[in-house]
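Both of the next two complexes hold chain A, though its partner changes from chain B to chain C.
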Partner chain A sequence: MAYVAPVRDYQFLFENVFKTDQYSNLKGFADADAGTVAAILEEAAKFAEEVVHPINITGDKEGCTLDPITHEVTAPKGYKEAYKALTEAGWTALSGDPQYGGQGLPHFVNTAFSEMLSGASSAFGMYPGLTEGAISALTAGGTQAQKDLYLPKLISGEWSGTMNLTEPHCGTDLGLLRTKAVPNGDGSYKITGQKIWISAGEHDFTSNICHLVLARLEGAPAGVKGISLFLVPKFIPDADGNPGERNSLQCAGLEHKMGIHGNSTCVMMYDEAKGFLLGAENEGLKIMFYMMNNARFGVGLQGLAIGHAALVAANQFAKDRLQGRALTGPKSPELPADSILVHPDVRRMLLESRALIEGGRAFLAWVSLQADLAHVSEDEKEREKASDYMGLLTPVIKAYLTDKGLKVTQDAMQVHGGSGFTEHFPASQYMRDVRITLIYEGTNGVQALDLVGRKLPSKGGRALQTFLGEIDSYIAAEEADTKVPAYIKALKDTKAKLFDGTMWLMQNGMGNPDAAAAGSLDYLHLFGLTCTAYMWARMAKEAQAQIDAGATDPFFDTKLKIGRVFLERILPDAEAHLIKMKAGSDGLMALTDDQF
Partner chain B sequence: MAYVAPVRDYQFLFENVFKTDQYSNLKGFADADAGTVAAILEEAAKFAEEVVHPINITGDKEGCTLDPITHEVTAPKGYKEAYKALTEAGWTALSGDPQYGGQGLPHFVNTAFSEMLSGASSAFGMYPGLTEGAISALTAGGTQAQKDLYLPKLISGEWSGTMNLTEPHCGTDLGLLRTKAVPNGDGSYKITGQKIWISAGEHDFTSNICHLVLARLEGAPAGVKGISLFLVPKFIPDADGNPGERNSLQCAGLEHKMGIHGNSTCVMMYDEAKGFLLGAENEGLKIMFYMMNNARFGVGLQGLAIGHAALVAANQFAKDRLQGRALTGPKSPELPADSILVHPDVRRMLLESRALIEGGRAFLAWVSLQADLAHVSEDEKEREKASDYMGLLTPVIKAYLTDKGLKVTQDAMQVHGGSGFTEHFPASQYMRDVRITLIYEGTNGVQALDLVGRKLPSKGGRALQTFLGEIDSYIAAEEADTKVPAYIKALKDTKAKLFDGTMWLMQNGMGNPDAAAAGSLDYLHLFGLTCTAYMWARMAKEAQAQIDAGATDPFFDTKLKIGRVFLERILPDAEAHLIKMKAGSDGLMALTDDQF
Partner chain C sequence: MKILVPVKRVLDYNVKVRVKSDQSGVDLANVKMSMNPFDEIAVEEATRLKEKGVATEIVAVSIGPAQAKDTIITALTIGADRGILIQTDQDVEPLAVAKLLKAVAETEKPDLIIMGKQAIDGDNNATGQMLSTLLDWPQATFASKVVVENGEAQVTREVDGGLQTLGVKLPAVITTDLRLNEPRYASLPNIMKAKKKPLETKTVADYGVDVTPRLKVLKVTEPPKRSAGKKLADAAELVANLKSAGVL
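And now, the complex of A and B:
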């Protein structure tokens, strides 16, 4: 039931599919040639499997503890030591800016590491994950002095970070927030209010915790135009930049949750706590969105990572569990029964899951490569395109990958049969852990609204046009002499449905925003299927090329067999999504409130 | 967040849709006229809402306790009192045979009550639920003396029952079981072995517990042909039929489970315990199947019941939660925000859920009516048909309703947003509780195999032909002058897909059982969609008829609006299921064990 990191899969993606060596002239990429990346991935896998995974189940059972007197939080046994090992090995600094002590490797390497960390223990992985969000906000909106003070300690992992958005009466609708900020006159502010569901809000393994807090200045405009972002450290840095005076903030309670028990989900109370403005007054949301987009990508990754971990456990269980006989006659007549791997429906669950995970992983890796290109490409057009893709695809990454992650954990439990429902096997924890990913950082419904209402129309639809154009060009280039025609045909069909759905949105959603919203999640799924069909076409091409070139590694043959399952059993959902979205909103809006 | 029982819906089904008054000449039905049933349903709802539901959340948090010395199990606080109230009010005897103290009401009345009980607290509802299974086994296979001794006490609820099938190394594959039975020479047997996952296996609210245990006699044929069924009471009844000597069996441990914490899931140890044969030696499975079919129907009901309860909570939450504004402009400008009910995607989740639940409920009620007709109809053809339907549709009820029950609880959690993931709201418990229904009494994959491999070919396909014939006749009778043409058309289309899938199975599954198995779950879903499309056509017809006749109850208008959502947003899945099943098994079987 051990965790096995997807090393080989990432090697294939970077080396064969995305050929990242082609970018060796770009900043950061020079140190990330195929050989180096392969070595890093091996080390990352070892760390995830041997250091982090052992504390996953115990952390779930033990949970976090709040001391009611001191308001300090203790994470489960072993977390502190694992975090120490994480920072000492330099994993938190992998893609950090070298100017602040980071290793400056491309994001796609960090994505691979993060999937392994999160798959080995999602609750543990969230601690450094939240810090990454804080780093992105500081990078986007901090002054040089703030960067100099905070970034090195956040990148090294000596300090950690959090995001404080939600209040009891508002989550999605941030315009309603009430936390107050009052200027102290010295450039700092007094922050007062209550924030809830603050992941990693308080714990015992860093010497400081930097809370990024949304608050409202007195007299600020109503709604989202009056929100500012503050950095509120647990210990106020002294003149030397070391943790000084204890700030007047504390964890007032821990949330009782269905899963991710190892992560401390805190109610945070700020009582005239000292905070420092990030960016301009009333423009907090702009910076928060850098952090949020980073977090959304991270949540999509988490959904995929937990799905992968659950699938590993299910594969293992299916091989070990002897029950019944193959319908075509005993496969292991020397044993009392065959393994349940002989049953087509068990294989269906395992292989559909794998098709989703491997397609999703390629999608994730491809988008993280865009994050690199958006920053370091020397071609302005390529930077613009990569940046457009990041914006367009982040909600798809978040919602599509977490929805499929949940499906995979459900099937992993189903493969386990009755054992899956008990807490003696890991299936239940994976399912309980993954469930939050469909909710936090904006529910999947909110992601769909972001895609349809904001990302599609942005800049006259430029991002979408570029994306569809890329797929059309790929099909045109491959169609004539492809060695994997089924994949090209499937991509063409799915992309045509996405185009059809987009046209429907343009014709119906403009005049009636409810119509666009009613179909938005189905549209997002159609989008996710198109992205992963594109990834499968590219993976199949390279796997086939390796086989044709005489490669004997069974990895390539397996890849094509998994791809076939994707074409046969995942893509048929595209048509249903298209039909459902075209049903529009009239049926949904027809009921009065009383009829619910 | 309170539970609200679906009284009105059942009244509509019995009175308007199935017109159960037409059977008033049949045994049991005379006492179940529309007025009486309506009154019973009102009382049942009151009992479920006021007596049972209050212990649901506390039972989840507290769970059951095993005394390590006495091996007695204590159920959560309030369970014992609620059980006492249940039996005193006579609810366990509702459809019991009057010969043994039952009230003799039709099963469909008991189905409505059971849904309410299970929806109010599924963990609690399992205690009397398991007893119902024991009653059906005794009724099918007990001697007259056994019936006289046990049935009155089981029907009154004074004693309870359990099912003991699973052992650590075997669940689905009962042929592997090892529990031994040795004749004592006096007609009784010594039972020795370990059984796991025994729901309601030990508790503190009945004076005796009757365990029905599968075991193997020495020298019995290998596999399923050598299994016998024994009744092994916790206390051996004395000459007067009262609980006498304590039998040598005990609960050796409680299972740690993801959900249904209020039900004691026991490891049972039998150490030369005294048992009494039910039916003939080596023919235990035959009787066990009566019990099992009863249990499978009960599990389908449970999936639906929990789904309904979760939907009630989600509806309530959506009305109360103020967040954001309607896309078409504020609906409640006097409030800081609109309720989330204004958002099309929230409505989509609530209404899809409701379309699934109300269609599923009709399906459940209709099949339970078949259980009555199979027993008491005076027309031999009708008895045969009803019995055929019970066999054919039980796996569909079990797997389709539980799968949809899970979908509904998932969406109920999603509607709750972050609150849903915390244990302060009921969404998490509903999701954790419902999850077992896809697994126990045969996983949903096993149900699909039962449908395709056993139920379809049974008696030359008679049951299926009759069922498809009924739908064809219904369409033919309605088509010309229906007032709800969209439903007739949808039924016709969906049934055509089911027919298509059936033909495919006949052509491909005969020669290759793997092909049939690979598509079996998709086929089962296609079947479930056809059944519920049939139910929606019948419900829509009656709702429309009421409106046309001038009824002003908004219930009928609401019903048609929900039905529209079923047509627009649930039925499009049928085509995807058909395409997936036709993919066959080649892709799934192509991988070697090493490739997993």
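And now, the complex of A and C:
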């Protein structure tokens, strides 16, 4: 059950749907012409399929091991070699700043690469993924000297990064954190405390690990206003910038988890470890949010990537599995039974999954293009719009794509029948691996609260208004002579429901925050459906245009058939989400604590 | 030392081959095309010779449609320095390919030509041998090891009886076998550099070669479907069956 990377889908999205060649005047985009991107996608797919995927199942079975005496962690067999190949081929530097040795390619290309890496092995993909987050925090908050010292080594992958937020008593509520920082008098700090669930916290394949640690200075204000961010390297760089003295920090234990066994999830102990302040004192969260937003986008991507991998396996299984006969009479009379592809319910699972994945992938690619435009567009208005979209849509990407990623892996297991429940087939690993994506980087419930409580009202609702305005203009421009009217109508209906839901939140949520919170996840899903309906309208338009222009590639016909499944079997959920959110919180809050 | 590496655009080795319904050939519409795997080994070997300081320049040449440019770019990504595309939409037979390559060799004057022993589409295993004859250069086919020193190539060949090592004086033609090397994965910086390397487009007429087909394809069919197997009781029955099938 080999992994097959979605090369053709990304080519279609970049070339036909988003037409990224139109931005060739922007920084980084000139190098990302259609031909080069096609070559990158091909080679990235080859790397993911042939180098990374083979260690996915073995890594799951073997897991990481901690030496109780040296406190060093060994990753599963083959991880170190695959990581070396990854850095040698320059993949970690794809979107890195050329000033620090990066390739400077746009983020949308990196998104395609990251999906392939995560789909081939999500546990492995996390190691470079965390480093990417550390790079974004350093870029946002580091001094010039810090950037010069750390960025080249992180971008090349020679060193890796981690993020340390959680403590045993302090998960979602960061205001509770206790790890303390004491100035050394020379500009550095002593960091003391315990951090848990630190992904890639300790491993054997980079010569240094840069921990980004949230801690509290003595006398700092209570709560989130008194949190500072420190860079605490495993080896303190010497005068030449090489790994020097071993810092007083160590991995005290590895978590036993349901999935992502190949990733070392560490308990980290800091015992007066030497740390360097990033940004200003007590303003650590501001910078950490760069890393968190990057990570939230990355987790949404992971949910989609694992879903795609599970679907690939389910498709292959369904084609090969002969069992029973088609209800309308045998399809393969020469064989002892028909393949289970003849059964409408098996098709329902495979095709609903595909409609979710392909719509989700377009959404992800579109938002990553916004990340580029937010940085490099020459038009100030467009930069502002793109940046607003990133804020508004990051929680939707994270929660919608991971919820749907889980649904897809579940259906993939169901297609496998009893075989899927055994470890001889990959379906169960995908389900175990995807499950964490709904939880970490802020649970999906927290994402929904972020969307409703923070992102909607931000700047007087500017981001949402711009987004709804864009959809209205798209409908207005297409409606009259669209070749895919069903998609335009569906987009119009879904967008109207989102608008309705937003109005309901404004009328009911202000006076009763519980009502807003109770409906927040349904609202987020309604939002995700609107975004993907927009994406499907755009994909259908281009696929139809290619067919009308005489293209014979069956890809376009397939795209429209999947799109139809989206309209018929996915989009109707929007109605239910709207009804549920309007039920408010009374029914949920009616029980007393004793009644639980 | 200059190395010339011919590369061919063929149906990707992962693609399930389908025969056209009129039996005129293999259906190439909307299927993935890639560099012939044996040619990839040839580019890799040339690149290794360059990395060792033996070769100084690698020229990749392809004969085929406009899209064969992608195949040359793949060669430039692995390590070739520049490319020549002889663009034609015609199906060019091994002899015509050999003649075109001879013409290229006469203008480029390479010291060594490394090429795949065969292309996985036609499986002719003929072009290298024909080219060496036309050029009147020595040939060493089916190479599994190549060492170049003092104007000579020591080539270990995979032959039926085992391994044979030949010494050939340069210039020479070497054709590659599967075990010669394992081609590298392309690195991102090399993908980016490849498109900036020079790539000339020529026509068949530029070389004055007549590429009119000399062979006529009567029909192309799929191999017969495998029929169901038989369960045999013992070894004696197996031997009897093999005998009656004329295998023993």
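Definition applied: the second predicted complex is superposed on the first by the 596 of 596 C-alpha atoms of A that agree within 3 Å, B and C clash if a C-alpha of one lies under 4 Å from a C-alpha of the other, contacts with A are read in each partner's own complex, and residues count from 1 in each chain.
Here is the rule we use: contacts are C-beta pairs under 8 Å (C-beta built on N, C-alpha and C of every residue); 3 or more make two chains touch, one makes a residue touch a chain.
Bear in mind the structure is a predicted one, so any value in this text is a computation, not a measurement.
In the overlay built on the shared chain, the residue A:A145 is in contact with neither chain B nor chain C. In the superposed model, A:A89 makes contact with chain C only, not with chain B.
When both complexes are overlaid on chain A, the residue A:A480 reaches neither chain B nor chain C. When the two structures are aligned on the shared chain, A:D553 is found in touch with chain C, with no touch to chain B. Looking at the shared chain after the overlay, A:A239 reaches neither chain B nor chain C. Legend: residue contacts after superposition of the two complexes on their common chain; A:I69 is shown touching neither chain B nor chain C. Of the two partner chains placed by superposition, A:A222 touches none, neither chain B nor chain C. Touch counts on chain A: comparing chain C and chain B, the chain ahead is B.
For the contact definition in use here, the residues of chain A common to its chain B contact set and its chain C contact set are 554.
Touching chain A in their complex are the following residues of chain B: 166, 169-173, 176, 197, 255-259, 315, 318-319, 322-324, 327-328, 336-337, 339, 341, 343-351, 406, 410, 413-414, 417-418, 420-424, 428, 431-432, 435-436, 438-440, 443-445, 448-449, 512-515, 517-518, 520-521, 554, 557-558, 561, 564-565, 568-569, 572-573, 575-576, 579-580, 583, 585, 587-591, 593-596.
Within the complex formed with chain C, the chain A residues making contact are 31, 35-36, 39-40, 43, 46-47, 50-51, 85, 88-91, 93-94, 103, 552-555.
Against chain A, the residues of chain C that register as touching in their complex are 29-30, 70, 73-74, 77, 185-189, 191-192, 194-195.
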